[in-house]
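In the two complexes that follow, subunit A is the common piece, with subunit B as its partner first and subunit C second.
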Partner chain A sequence: MQKSLHIDPGKCTGCLQCESACSLENEGLFNPAKSRIKVFTFHEEGRFVPYTCTQCDEAWCMQACPVDAITLNPENGSKDVNADVCVGCKVCTIACPFGTINYNASTGKVVKCDLCGGDPQCAESCPTGAITYIDSDATGLDKMRAWASKTDNAGA
Partner chain B sequence: MAWTRKLLRVNLTNGTVAEEGLNMGWANDYLGQRGLATRYLVDEIDPQCDPLGPDNKLIMATGPLTGTNASTAGRYSVICKSPLTGAVACSNSGGFIGAEMKMAGWDMVIFEGKAASPVYLHIVDGVAKLEPADDLWGKSVWEADKALHAKFQDPQTRIALVGRSAEQGCLYAAVVNDLHRAAGRSGVGTVMASKNLKAVAIRGTQGVGNIEDPKKFMETVKAGKAVLAENAVTGQGLPTYGTQVLMNVINEVGALPTRNMREVQFEGASKVSGEAMHEPRKSDGKKNLTTNGACFSCTIACGRISTIDRTHFSVKDKPEYWINSGGLEYEAAWALGPDTGVDDMDALTYANFLCNEDGMDPISFGSTVAAAMELYEIGAITDSHTGGMELKFGSAEALCWAAEKVAKGEGFGKDLGLGSKKLCEKYGHPELSMTVKGQEFPAYDPRGMQGMGLAYATSNRGACHLRGYTAASEILGIPEKTDPLHTEGKPGLVKAFQDATAAVDSSGLCVFTTFAWTLDDIAPQVDAACEGDWSPDRMLEVGERIWNMERDFNMKAGIAASEDTLPKRLLSESANSGPAKDRVCDLDKMLPEYYAARGWSSDGSITSETRQKFNLPG
Partner chain C sequence: MRHVIIGAGPAGVIAAENLKKLDPSGSVVLLGAEDKPPYSRMAIPYFLVGDIEEEGTYLRKSADYYASKGIEVRQTRVSSVDTASKRLTLADDSTLDYDKLLISTGATPVKPPIGGIDLPGVHNCWTLADAHKIVERATPGSSVVLMGAGFIGCIILEALAARNVELTVVEMENRMVSRMTNEVMGTMIKDWCVAKGINVLTSTKVGEIQESSSGKPLKVMLDNGNTIDADLVISATGVRSNTAFLGDSGIEVRDGIVVDDHMQTSVADVYAAGDVAQGRDYSTGEYYVQAIQPTAVEHGRLAAQSMVNGHKTAHRGTVNMNILDTVGLISTSFGMWMGVPGGTESESVDKEKFKYLNLQFKDDVLVGASSLGMTQHVGAMRGLIQTAKPLGEWKERLMSDPTRLMDAYLASAQQQSADLSA
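The block that comes next holds the complex of A and B.
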């Protein structure tokens, strides 16, 4: 079963536990500035939205890379950057429609979410269930259930 | 480790910034944040200095856990001598700026002197610069925050600011960070403004590392989070209702101070409660509460994000307030509501927005308005003073008007900005000021909660619930239930809460964790992060050392032990309803035993043995 990160912004409180966990896993430090997942706060609307790579099948970043530094991880479906091959040209950052692959000036390479090799720490650390790692084929199930519960079939 | 071991010293008179090593000997004795910064303050200022003069210093300090992923590890404190009380001021705030300071590589920033004209400090990692802020002076916190973010083109920069109330000399002005979190009490914002320092903007990209034992740290952090999630208060009550979960509870036990503490129960409490914030409004069907929001790293998320009803008189012509922002927490809701007799949720939310927008401590503001309302009722304050506004208990219009006036320091707002004590003295009725050592009471009536009476009387920053929250034990049964109406055992309980809280306030963690955590949960996290052995006993010892140091400073500042008392109203006018009916606060039954438990002499002075035991400074 392939799994995907599933994000429910309505449950997010903006605590940044996910950013701390991501940066610890990937950079060895608590450093939200270097996190692959970002929580955006829309203060005046009272909304918090975590956002990260969704691991597209036809990944724009992977297609655009001129040196094939981005490859499919067949085990969990993530598109991983091979830092040894990456030349830091940033073409992938232009190609990605979502902005979820980014250049790291201190290393001269790009970085993106690699699902922590199949154990994404953002989901692990999220205290509210806003970020979960679930069956890719069933990411809509909770929403379906919620709407189904509101369906009135009394008149049927 | 966990500390960055670096502090930034900013001399505003000379316009210089300099890096210094952190005094690790002191860190061993005082941990960080509240304790360590106060140790610096005690070392560097004359306790008798003018709080609003250039000789006072202002310290912004993080704790060793600030910036880590321990739950609630985003706290920082602002420490200085208070213009409201003359005592040590230490106000704690969450949000994100504390963690950002640490991410930028600094444990604390010490401001000294006074700038010749308005400035702000801009820190980007290891580089700190003082920049002109003439264009920001005269702007509210929200306006100046917006202007700075537009200038930096960086939404990730975290900013702490003072508002117009501080610029105008309101004595209970706060330092507001991240728009609606605040180092609220004792006028720390007034001191910041007195130095012509409008804002501190920080961007940190270096991260926090230096964890002594990373594996053990992650284990203890994970265990701690599980305890918070499973606890009824931190896992359910606070996320759902915020601290406002208390409004109806405290009213029922007859300890909800009402109309300047004349009464102990408010007939309109349920209308301004946490539960009411979940009720759909008549006008638009929306709730006051939009969602709950967390501070950095917090897995509790008690913060309220609220809106005001657009049809409410306070905002119907002001679309700029038709937004979501920080909503009512319990202390603010109480001071703005029951204490002024106002039961209009939208008026309270509007006044709370203004307290955030222009940096007033809502506890002191609301309590001062309550005192003014009583002065108005007896005719000591008249329409000629207020310019025609009828300052009546229960008037939502008067409350909103007062918030606007204090925010801008206009007209009668100048008098209200003096705080309850100086206001009541000015109008000839000092007995109507509900304060200890010049600071206004929070939301627990000592007649219905005897332990809180002792905690208020002996708090080192004047009346305050966050220096020894015995309400946890007296009402909620944490860590064990004690009878709120009895004094037995309270001196020891107050001391234990005061010492433990001083340690938590020095760690980078939030004191709200202690609804679920004891030092047995907290010390292992500190121990894993920091070098040395941090047992619960050592944490308590550090807390007691901090308490004695603060007391020592206050006595040197000229605050006598005779000020360890409560307003006469609470000692001699008995509660008129509820479980505490016919009770007063029996402070005299508790104070001598408290002094003895502290190792102080019967006149409240610190003995040479106690001084020696904790190796108190000079």
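The block that comes next holds the complex of A and C.
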């Protein structure tokens, strides 16, 4: 069963454990600036929104890559950057309409979420259940429900 | 069904892959003119700087990739197209018949009309063959003159600087990369390059290049009266779509091959994609040669769909966008970065830190953007432009602080993937 990250901003307290865990897992150091998941803070509303790649089906980044450096991981459906092949041209970073693949100037390569190979540390480290790693079907259903309720509201 | 593709760049390769996927029993012949496997010109700067070997520029890596997908790759030029009999004449005078034809022949550098442009030591930087020649001449301490500070010029600046050459850039516009920067941003890029030790001459033209016996093989005469002794001159003054071979084929060519919203040319069963195609621009609705990688890929995919499945969904055009790394300073531009009539603009400038962000709105919708020194979440600018999400109260917040762009994006454009699919 394919799984995907599910983010419920309502449960996020802005503790940034996810950013620390991500940077430790992927960069070997506690440095939220290098995290592939980013928590955005809305001070006005006291709201926090964790945000990262949804591993979208369109895979704009993978399509746009001119040197075949981004490939589909058949195990978990993630789109992974092969750093040895990436030349650092950054065209994927403008092609991704979600802004979730980014250039790392210190390595000269792009980075994105690869679901930690199937054991995403952001979800692992989240103390409030705001980030969970669950069956894709379930997240799909949630999306549909959220969408349906929006449509209902719009009609009302 | 035989699908023939002329041109083995990104548009051609993506189309070939999609054609095989959609029409597994059809045959796909991919014709490339160069003596190399299909490769990416975008990767050439990284080859120049020595980060990658030539193989690193190849679009697909394994030697038997195309054969394994059932795509026949042939190395040949096409000398003419007969659309009435659906027949191509190849360079060796043999012929090749097609049922559906895709033209993805890309572009070629324009040769500026100046004396000495054909002298030895004057090169374009366009093909892998050019790159090899440049590597030979651009040795440490050599004097290199780069004509043109457009996309190609700027993207090879870093590669040249890294080779420790004495570098002079000559640009006739008053700023760098004028096709993606306003005066503020283009001037900031110039200031950055100058701080990196590159001699940048804007509002300057090369008048003539002469052979010289004064120690350096070339003498570059500028229109301001100065001269520069050079070992190598690189001409990067723009490109033009490769359409000469179309002759009297009846295929309509303006700036490029004009295609409809299904990527078909003015002639039935003939399609065009990528840098050679003049397709719909998402922002203006006009037909325009964008000549960018994401558009080449989208064109290739759309053309393949139309060739196999017929003309089902008209596409709404591609968003023009660019990202450029000029000696480590990263700039982007999206859509109507120059603004629209009756629109509003929000700008944040930090010249000392080389950070710049400019947002262009029509009412409360983002229609264009450009940035300098930003590497995080830049793609969201495309997302906001292409989904045309009304920003509501966030418009005013962005007017006072454009750097809150990602907050605005998250607050207003969550459900967007459905809106983006063409």
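The working rule: the second predicted complex is superposed on the first by the 139 of 156 C-alpha atoms of A that agree within 3 Å, B and C clash if a C-alpha of one lies under 4 Å from a C-alpha of the other, contacts with A are read in each partner's own complex, and residues count from 1 in each chain.
Rule of thumb we're sticking to: a contact is a pair of C-beta atoms (placed from the backbone, for glycine too) under 8 Å apart; a residue touches a chain by one contact, two chains touch by 3 or more.
Remember, predicted model here, so these are calculated numbers, not experimental data.
Q: Return fit or clash for subunit B versus subunit C, each positioned on subunit A through the superposition.
A: fit
Q: Would you mind checking which one, subunit B or subunit C, touches more residues on subunit A?
A: Tallying touched residues of subunit A, the top partner is C.
Q: Taking the superposition as given, does A:Leu72 touch the first partner, subunit B, the second, subunit C, both, or neither?
A: Neither subunit B nor subunit C is touched by A:Leu72.
Q: Taking the superposition on A as described, I'd like to know which of subunit B and subunit C A:Gly14 touches: first, second, both or neither.
A: first
Q: Quick check on the superposed pair: does A:Ala83 touch subunit B, subunit C, both, or neither? Answer first, second, both or neither.
A: neither
Q: Would you sort A:Ile134 into first (subunit B), second (subunit C), both or neither based on which partner it touches?
A: neither
Q: Which holds for A:Ser23: it touches subunit B only (first), subunit C only (second), both, or neither?
A: A:Ser23: touches subunit B, not subunit C.
Q: Which of the two partners, first being subunit B and second being subunit C, lies in contact with A:Thr93: first, second, both, or neither?
A: second
Q: Using only CA atoms and the superposition described at the top, report the least gap between subunit B and subunit C in Å.
A: Value for subunit B versus subunit C, nearest C-alpha atoms: 6 Å.
Q: Residue by residue on subunit A, keep only those touching subunit B in one complex and subunit C in the other, then list them.
A: In subunit A, nothing is touched by subunit B and also by subunit C.
Q: Could you please specify the touching residues of subunit B with respect to subunit A in the complex?
A: 67-69, 71, 96, 99, 103, 156, 179, 204-209, 225, 229, 239, 290-299, 301, 303, 305-307, 323-325
Q: For the complex, give me every residue of subunit A touching subunit C.
A: Residues 38, 40, 42, 49, 51, 54, 56-58, 60, 63-64, 66-68, 85, 87-91, 93-105, 108, 146-147, 150.
Q: Which residues of subunit C touch subunit A once you look at their complex with the stated criterion?
A: That would be residues 10, 14, 40, 42-43, 46, 51-52, 56-61, 293-294, 297-298, 301, 321-323, 325, 328, 330, 332, 334, 375-383, 386-387, 406-407, 409-411, 415-417, 420-421 of subunit C.
Q: Touching residues of subunit A toward subunit B in the complex: what are they?
A: It is residues 10, 13-17, 20-21, 23-24, 27-34, 43-48, 125, 127-128 of subunit A that touch subunit B.
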